[in-house]
Every structure is written in structure tokens, then in C-alpha cells.
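What follows is a group of structures, each given as C-alpha cells.
Consider the two complexes below, in which subunit A is the common component and subunit B and subunit C are the respective partners.
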Partner chain A sequence: MNFTFHRKHISGILAVIPAHERSFVEEMKNFNFPESRSLKLKEVMGYDKHRLVEPGVCVSDLAVCGLEHLFKNGLLRREEFDALILVTQSPDHFMPPTSSIIQGRLNLKHDLFCLDINQGCAGFLIGLMQAFLLLEQESIRKVVLINADVLSRKTSPKDRNSYPLIGDAASITLVERDAEDSVIHANLKMDGTRHEVLMIPAGGLRLPSTPETALLEDVGDNNLRAKDHLRMDGSAVFNFVQVEVPPLIEDLLASAGASMDAVDYFICHQANRFMLQKLADKMKVPYAKMPSNVVTHFGNSSGVTIPMAITFNLADRLRTGHARVCLAGFGVGLTWSSMLMRLGGLSFCEMIDYP
Partner chain B sequence: MKSLAEILKEIRPEFNFSTSTDFMADGMLDSFDMITLVATLDKTHGISIQGVDIVPEHFKNLQAIDALLRKYGIRP
Partner chain C sequence: MNELLNKIAEILEEKSIAETDDLKSFAQWDSLSVLSVIAMLDANYGVNLRAADLESTGTVKDLWNLVQSKKGS
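Up next, the complex of A and B:
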């Protein structure tokens, strides 16, 4: 499915990262694997450090911290945005929507469109699409898009498949109308037949959490995880990305009439370094144009990794200048999406620690 | 240059890979070992095995890996 959005742009990005940092080497003893094997994996996948929330910290805590930072520093006024979209897979509660909790905790105005979206690694692009659609309404002047996840709280520390790469974080992206006649091209695909490839089996109504679903089990791969934990079929996810994403981006560029060379940066979801370098090799994109360093420094925080890759790698350039960027998100659902836009002139593009 | 047997021995020293016809089924390689193997083969031979080729059937046994390397112009 192809989309075009006219006269919309991103005007600021803030990433909020837990101050609590853990290292892969410290955590190796928790895994049921010889250290030598884990160290080889560290080198290939780019695992080093990741940022995790302390027990009890929720998505709304990270989001409120980020918005308060913007208000306090005069980067955003509390009355100047008319919609607040939160994309998360780890809400504070089943109900109410966490976006409403954020609105309430900050005493934001009642004339505010609050919306939660349950999405993951493609969630930045899906959130942007929703923001662009809301901005078609005259009454909506600016949209605050929050991507946030604290999935470390739903990942087994004894699961070497998932735990080393998980990171917790939030991002706040300000989206508004563009005075220039700009065009953003996007595309999106979904395949729910493969929904079990990335899932948390228990905790919803299909399989409620019980003492039994909290028991750690070895399902045959030397990793211990419970049904309450995130489960990822690494091989299936890897194959999905390598098969589906290159043609998706080729189609996007073809529909936009743009060549690969005309793109300054390919900012992809930061799954892990190996996966991204294989993607770059397949697409014949130099590694310097496709950053893959977020997992190494912060961990993979689902829908937050694209804005985090931007703030970590391109902040100086995008505060003063512009770049043509191709964004690509892929993951839970399964969902895969890409977007081509001119990005820059940002009024803020930075990272802060929580708390 | 390291041979395939030497590379596999480095990754999982506890196994004799010449006796198995299915490394995955026999529990000798898991999906993360496969990734370590690909990264080592890439570096050793100066190639980049494409993501779409990184599937268990291409790493099932010595013959399958040899066939994959031939596809990238590497004669074992």
C-alpha cells in the first residue's frame, strides 16, 4: 500500500533514555551458554551496553519526563499541540489508554486528541502516518508523537535470544504542517499470518497470566523464558527482514522517482548490527549511510530506535541543515514500512537521560 | 586460510561435524551459531553471504555449506 503526504514535516525529535546501563559482559553469566560462544555473538551482533528502566518504571514515566523537559526548556508549549499519539506495546495498563494517563499527569488541555496505537518496530512510521492524517484537520495544528517501550520488563534475563538486545526508551517527535510544498512518500505492508514470530504469549485475555505462565521453561534452545515473556523466533525475523525490506524500499524509491544515490541516509529500525549490515550489503548501500550503532550503545527499543538513530547520529546536521532520509521499520505483526522525506531544520534533536 | 572444519570447530569445539548430516537437528548449531558462522565465512573469504541465503538448509551439513560457498565463488 502506497501513500503520499503533502506539506507535513517533523520539526523536532527528543529521545529519552533510562540512565541505568547494563553491559553484555556483566549479564553473560545469566545465560545458559559458554562465555566463549556468547562473546562471539557479542562481536557479530554488536551487543555491548543497553539501557533498561529500573523496576516499576512505566512508559508514561518516560513520556512525562520528556514532555516536561520540552516545556521547561521552551522547546514546546503545552497548549500548542492538539493531538498526542502514543505508540507502545508495553502500556501502563490494559485500560485506560496510556496517552490519557500522560495527558492527565501533565494537566494538558481537554481539547486534545489522545490515541494509543499498539505497534512495535514499525511504530515510528505508523505513528507518523497517523500524525500526517490528523494534520489534515484544521483544528489540529501540531501533533506530539510519542514512541515508548519498556519491554525489558517483559523479557527473561535468562533468554540470550532476546535480553541482550532489548533496550527501553521513549521518543517525542513533533509533527506539523510544512510551509513548503513538500511531499513525503511512504508504503506499508502487513502479514498477520506470521503474528506468532514475535509475541508475548500470555498476559492478554487469550491466555491470562497465572503462576504457571510465569514459570521459566527451556523450550529446547538453552534459553529460559516464561509464557509471560517476549518470545522471538530470531531466524524467522531475520529471514523476513532480508526478504521483504529491500523490495519495499526499492518500490518506495521507484514510486517517488528517486534513486538510491539521492538518499543521504537510510535510517532503519535498529534490530541488530548483523541484520542491518546484511540489509546494507543486499541494497548496496555503504554502511556509513545506514547507521547500525543503536543496539551497541542503547539496545533495541522497538519503535524508538529510528528516532534514536537520528538523534544519536545526525543531530548536529539536522539542527542546522537538511538531509533526504529513507526510514524503514519492520517487526511485530508482522509489519514492514518505509518512508522517504526531507528531514532537517529541527528546533530540537537531542537525547536526555531518565530520570 | 582456515578450513570450514576449523571454523566450525572454533564455534562448537565439543562436536565432530564430519559425522552429522543435520547440524541443527543434532543440536550442534543453533540459529545464533549460524550467524557467527556466516560472519566468520564472510571475513575469511572476503564475501558477504546474502541475508536471504542465511537459512538453516544452507548450513545443514558440510556438503550444504560447501555448496553455498561455491555459489559465492569459493572452492572449498
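Up next, the complex of A and C:
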């Protein structure tokens, strides 16, 4: 389905990444594969380093760190935003919402619309859509959109299928009304029949965590993971992206009346470098227009990778100038979504370490 | 067919392979090779196979036949 949003824009982006860095080479001895094959995987997929939280660090810790940084540096005033949206799949608790925990830890005002959304790789776009909708209300002047996940805590270190690419991070995006008569085009599709392609089987109420769900098992692919761990059908995800994303973006550009050449950057969810380069090949987009370096340097932090790709690659350009960008997120659900907007003039666009 | 043989040999890091060779008989046939073959078939033949399709494929000849049957479908 297609959407248009009028007179809304992103005015700042901050990424918060754990200072704790791990490397593929030091971790590959945990994998049950010959080193030569793991090194081949590293080369093909573009794995190198990733940022993981220390034990015990939660989503609200990263979010509070980022908001405090903005308050302290005068980049955001604590009373000037009226909604706080958190998109995460790794909340601090089942209940209450982690957005309420963040509100409480920072002693934010009571006139604040706090909302948790359970979404992943398309979560930056889903969060933006919610922010745009809230901004239709006069009482909502600015929205703080937080994307955050600490999925390394739910991934088996002995699972070469997932662990090397996972990263933890948070981003804080400030969304507000645009003085100019701007239009943002977006589209979205979902297919819940494929919900098992990316899943943490145990830990909810369908299959509560027990000592048994914590046992590592080999399902026949030499990887050891428990039912408490994230599991991903890598080749199914690959096929999903190559089949569904190019027509999604074509449709978006057609409905916006824009050509591929009119797009300065295609900022996609950073699944891994391999997947993005194949996507670029298929869409005939030069690699320079589609950054694919986030997993190599930081890991795949689910809904945070699009804001990270922006802060890591385009910060200088977007603080002073503007660019026409096409965003695309795809993954858990399955969910796939794209969005075309003019991005720039950002009052902040940077990355900080936690702690 | 020769093109497919060469591309699969490259993925499996073999000098050459025969159309009667069983894909699963190669030491390098693992999840990475499976993904590489899926990506290669998508890019070069416009065919999207799933890992399960490859699991049930025996020789390179069988794979060739599978690709031909899916082409343009």
C-alpha cells in the first residue's frame, strides 16, 4: 500500500553504539567450521568487526545515554517534544513499555505520548510513519523516534549463521513539521505467512523459556543455537529481499513520479554487504549510491542500521546540504517498506559511544 | 551448461567439475556455497531457488535441468 505525508521532516539523527568492539577473526574459533571456510565467509559477506553490549546492558540504557547527550549539548530540550516512540524487539521487560521506562528514568513531562512498537529491520520506516501521523495533532510539536536493539543477547555465539552479523545499537531521530510544502512518499507490504523466517522461538507465552529451551542444539547445519536464541533462515531472507525489494522501490518511484537517477542515495537496511551489493546489481544502482558498510564496521542492529548508514556515511553532507534519499527496510514479519524524501539541514547527525 | 559448470567450480574452489558430479560430494558444499549458488543463479539466469530446492538436487546436470524448468516461469 502507498502513503504520502505532507510537511514533515527529519531534523536530527544521533546513533549510539556500544564501545565494546569484537572481531570476526577472534570469534570464529567458537564456530564449528574449518577456519578457511569461515575466512571465506568473512570475505564474501563483508564481516569484520561488530559492536556488542556488555552483559546486562538494555535498550533503555542506550536510549537514555543518547537523550542525555542531546540534552547536555543543547541539541534537544527535554520539554520541546511531545511524543516518544521506541521501536524494539528486545525490550527491557514484557511490561511496562520500555518507552515508559525511558520517560521515567529521564523524568520527562507527563504530557508525553509514549509508544513501543515491536518491529525490526523495517522499524525505522514504520517508526517514521507513526511519527508523521502523530504530528497531524497540533499538540504534538516534535516526536523523538528511538530505534534500539540488543539482539546479541539473544543470539548464540556458536551460530555462524547469525552471530557474526549481529550488532547492538540505538538511534534517536527527531521528527517535526516542515515549514516547506514537502511531500514524503512511502509504501509498505507485509506477509505474516513467512513469520518463521526470522524468529526467536522461545521466551514468549507460546513457548516460555525453560532449562530445556536454553539447551544448544544442532539442527543439521553445524550451528549450535537454543530455542531461546534468534534464528534466521539466511537463504530465505536473501531470496525475499532480491524478489520483493526491487519492485517495491520501482513502485515507490513510479507513484512519486521520480526516476532512479533523481535519487542521490539508496539507504537500505544493512543486512550484510553481500545482500546489499546483490540488491544494487539487480536494481542497477552504483555501489557508491547504496552504502553497504555498516555491518563490516558495526554489525546489523536491526531497525537502527538505516540511521547508522546515514550518520556514518553522510553526516557532513546532511548537516550543511540536502540529498534526495530513498530509504528501504526489509525483514522480520516479514515486512518490507520504502520511502522517498528530501533529507538534510540536520541540526545533529553524529555517532557516540556507549558508555 | 559450460558456463554453469565454470561458475559452480569457481564457487566450490575447484579447478573443474563434471556435470555428473554430485554437488553434496564437495568438501566446500556448505551454507555459504548454497547461498553463493542461489545468488549466482538469480544474477545470471534470473531464477530464484530456495536452499531446500538445492538440498534435493543431486548432480550439476540436475541443477541445470531445474534452472531450465524455472527460467521464464
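What we mean here is this: the second predicted complex is superposed on the first by the 355 of 355 C-alpha atoms of A that agree within 3 Å, B and C clash if a C-alpha of one lies under 4 Å from a C-alpha of the other, contacts with A are read in each partner's own complex, and residues count from 1 in each chain.
Here, contacts are C-beta pairs under 8 Å (C-beta built on N, C-alpha and C of every residue); 3 or more make two chains touch, one makes a residue touch a chain.
As the structure is a prediction and not an experimental result, all values here were calculated from the model.
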{"item": "Which of subunit B and subunit C A:279 touches, first, second, both or neither", "value": "first"}
{"item": "Touched partner set for A:221, first subunit B, second subunit C, both or neither", "value": "both"}
{"item": "Subunit B versus subunit C as contact partner of A:241, first or second or both or neither", "value": "first"}
{"item": "Subunit B versus subunit C as contact partner of A:113, first or second or both or neither", "value": "neither"}
{"item": "Which of subunit B and subunit C A:3 touches, first, second, both or neither", "value": "neither"}
{"item": "Overlapping contact positions on subunit A, where the subunit C interface meets the subunit B interface", "value": "37, 40-41, 44, 161, 221-222, 234-235, 238-239, 242-243, 274, 278, 281-282"}
{"item": "Of subunit A, residues touching subunit C in the complex", "value": "33, 37, 40-41, 44, 161, 221-222, 233-236, 238-239, 242-243, 274, 278, 281-282"}
{"item": "Interface residues, subunit C side, partner subunit A - complex", "value": "28, 30-32, 34-36, 38-39, 42-43, 48-51"}
{"item": "Subunit A-touching residues of subunit B, taken from the complex the two chains share", "value": "11-12, 30-36, 39, 48, 50-52, 54-56"}
{"item": "Contact footprint of subunit B on subunit A as seen in their complex", "value": "37, 40-41, 43-45, 160-161, 221-222, 234-235, 238-239, 241-243, 274-275, 278-279, 281-282"}
